[in-house]
Amino acid sequence: MDLLRTLCQLAAPAGNEAPMTEFLLNYIAQQQSSWRVQPQVLAGEGFQDCIILVFGQPRTAVFAHIDSIGFTVRYGQQLVRIGGPQAETGYRLVGQDAQGAIDCTLTVDAKTGELGYEFTRLIERGTELTFYCDFRETDTTVQSCYLDNRLGVWNALRLAETLENGIIAFSCWEEHGGGSVAYLAKYIYEQYGVRQALISDITWVTEGVHPGEGVVISLRDSLIPRRAYVDRIRRIAQESGIPYQLEVEGSGGSDAKELQHGAQPWDWCFIGAPEDHVHSPDELVDKQDIASMLALYQVLMEKL
Amino acid sequence: MDLLRTLCQLAAPAGNEAPMTEFLLNYIAQQQSSWRVQPQVLAGEGFQDCIILVFGQPRTAVFAHIDSIGFTVRYGQQLVRIGGPQAETGYRLVGQDAQGAIDCTLTVDAKTGELGYEFTRLIERGTELTFYCDFRETDTTVQSCYLDNRLGVWNALRLAETLENGIIAFSCWEEHGGGSVAYLAKYIYEQYGVRQALISDITWVTEGVHPGEGVVISLRDSLIPRRAYVDRIRRIAQESGIPYQLEVEGSGGSDAKELQHGAQPWDWCFIGAPEDHVHSPDELVDKQDIASMLALYQVLMEKL
Amino acid sequence: MDLLRTLCQLAAPAGNEAPMTEFLLNYIAQQQSSWRVQPQVLAGEGFQDCIILVFGQPRTAVFAHIDSIGFTVRYGQQLVRIGGPQAETGYRLVGQDAQGAIDCTLTVDAKTGELGYEFTRLIERGTELTFYCDFRETDTTVQSCYLDNRLGVWNALRLAETLENGIIAFSCWEEHGGGSVAYLAKYIYEQYGVRQALISDITWVTEGVHPGEGVVISLRDSLIPRRAYVDRIRRIAQESGIPYQLEVEGSGGSDAKELQHGAQPWDWCFIGAPEDHVHSPDELVDKQDIASMLALYQVLMEKL
């Protein structure tokens, strides 16, 4: 879990993913010689802070978003949200501005709900703050801020080790309105003819989805994927013997929104471990669900 | 109205339109020899569950969505909406899961508004339920669930009988966030240079739009079409002598949303019969408005 | 400011921008011989009511929306909003229908908030009404309806006088859900490889943004632009010595929404003068902020 810990500690809120991109490009350069297949690495000009890895003859693409939720410093001691973080007075927030490192405390006005910070000095307008990372591991669980979606990124990187045919796309802005999957999807479809997608992301523990009972295959959230594609995935999962759970929600979204609304006929399915304490500094995931997530991705990328 | 009755009885909620696609492909294969012009039929790979019919030298495309509203079974006896169906305790819902046919009753919690079902057994997670179809016809009206938009589909199929130049596109997911018109619009624009659209769909009876007074030309809903295009349509309608009404709304939407927001310069106009009891099992449309809808489409596809 | 006055007086609500398009095409035809570089003018078929000007070898595109907010006549004496205008009983509204010129008064129902008009006759369904333009100029300010975004258009036209390399795009529908920038962005990216954008539009005076303190560089609104691009702009602005202010908001949007969500990797930044009395007949802007807006655009188009 050292890789996961490193990913969770890296600050990369939506709009400023560049530090994560740099880390990933270095990691891929160092590790890929040990991978079963050497991917083509697409990044830089024309991809903003995204990365596409192309392995062999791809039929399916995995999307994992590399951005996180956070806060932007507004005027005076005000904060505004990046994405939808939980906010409780006392949360520890970190960042950096021209005057140096920042380690401050979140405040939530009890009456108005307005967000602010307490610190020894004013922080520069526009500075991004992220949760301080307190990474906790037990025999059965990992707990940290930003498991959503550093765990989805971790899953993609582990998948890359044995992947023979497929695409892995690291996307940006997912937590804050999206903005990169539209062009990634267009590029992948036009260059490789691929229009099957798996969304490597983290979902919620709910009354119907329980920690430790396996990776979640989502039948729907605020959007509804094409039934025929999801049914194929369910059959492969069933035959694999890997533990999984089925999710049905009326809300929530993912990178799939941009696939669904884009100008290519993508089929997509959200598949990821469930977490508790969503969008807080204490996101909690069961290790068995991480294991089944990776195992199911390995099978699906072979059989889809 | 036998064709309309058959269309209304077919279950095809958003995301699972395949049964309707299959019916339409069979219908087209059987009927097209009697049509004035044989269309090119585009379907299958790359079109998901959509169908495009290309007649002659097209200048204008008709979009008719084939999906419907409905409900998805969540956990236990919970339901979540597909699109925006009316919900009243006692509505009869039908469906199918691995254990067999389902004929159950909708429940709406009086306090929380939460949706559920009553049935002799639990229904499998993710199963889609649709309104039971009670198709009722009088001398002057038809009444059924899903006239929105089986009547728009019916209009397109009847239009096909005499259409010489034009495109008919059967789209998916309209009731639940869209997701197919973006790629249909791109394909049609790039392959045929067509960027004039008519939205063959059903609208609302309101204080300004009355049953029996003719097909509705919508001047706006939540979106505003380009005035110059709508003015051309109004002039053609005026000259035709066909009864029509003008609608002005601040809310509501259609497949036109994806045309408006897509990356091609589509002009569009919503033209359809008005119905009462919208999105319920009892949608009601006046037959005169159906007749004027088809007549106006025939004229517009010739003159636009 | 005669040009600005003329622009403010022209009625061109979202969906009916054609009168503004016609004015701009005439203006460009008359003026461009005095410009440093003669642009290629793209308009008409395939661009709806938009205009693209291409100067030299472009690296950056300026987007200025030409539409305005307003009202549509619904049924009887009802109105519905075009975009998000302020509404107060007594506002003077003007327009035109087949029966002639209209000069009427806005009414807002004190209980329901419903909008209507008072006039000597009924106005035809679907007629657009806009604020009556009372253009007021002092030594230090301009005040009028529609400074948002006639001032952004004015800025683009003044920029055109000296622009050597760059694109100016006049867009439609910005105030009402968008609908043209998606195809403009696609065209510009595919034809010219340009993916840097500046949004020439007007923002808000707030507790952190004050009139007279310079043009606003927005670090975020409801969307978050890519940090690396905005940082480059801030450095150029800093070095230029031109007065500017930094804005951080959690809401609001612009043509940038379509750039962010489109299928090309656009970088964008909103840069514009702040105004008070937003979306009312009394929008107020400080002339110093107009001057610094134009100056900053001139520098950025050279250095970006």
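Observations on the model:
Lettered A, B and C in written order, each chain numbered from 1.
Quick note on the criterion: a residue touches a chain if its C-beta (ideal position, glycine included) is under 8 Å from a C-beta of that chain, and two chains touch if they have at least 3 such contacts.
Nothing here was measured: the structure is a model prediction, and the numbers come from that model.
At the interface between chain A and chain B, under half of the residue numbers appear on both sides, which makes the contact a different-residue one. Think of chain B turning onto chain C: fitted on CA atoms, that turn is 120 degrees, to the nearest 5.
In whole angstrom, the spacing between the mean C-alpha positions of chain A and chain B is 36. Across the assembly, chain A contributes 262-263 as residues in contact with two or more other chains.
Those residues of chain C that touch chain A in the complex are listed here as 195, 206-208, 219-220, 222-228, 246, 248-250, 260-265, 267. Within the complex formed with chain B, the chain C residues making contact are 14-16, 18, 46-50, 72-76, 80-82, 125-126, 128, 173, 176-180, 182-183, 185-186, 258, 262-263.
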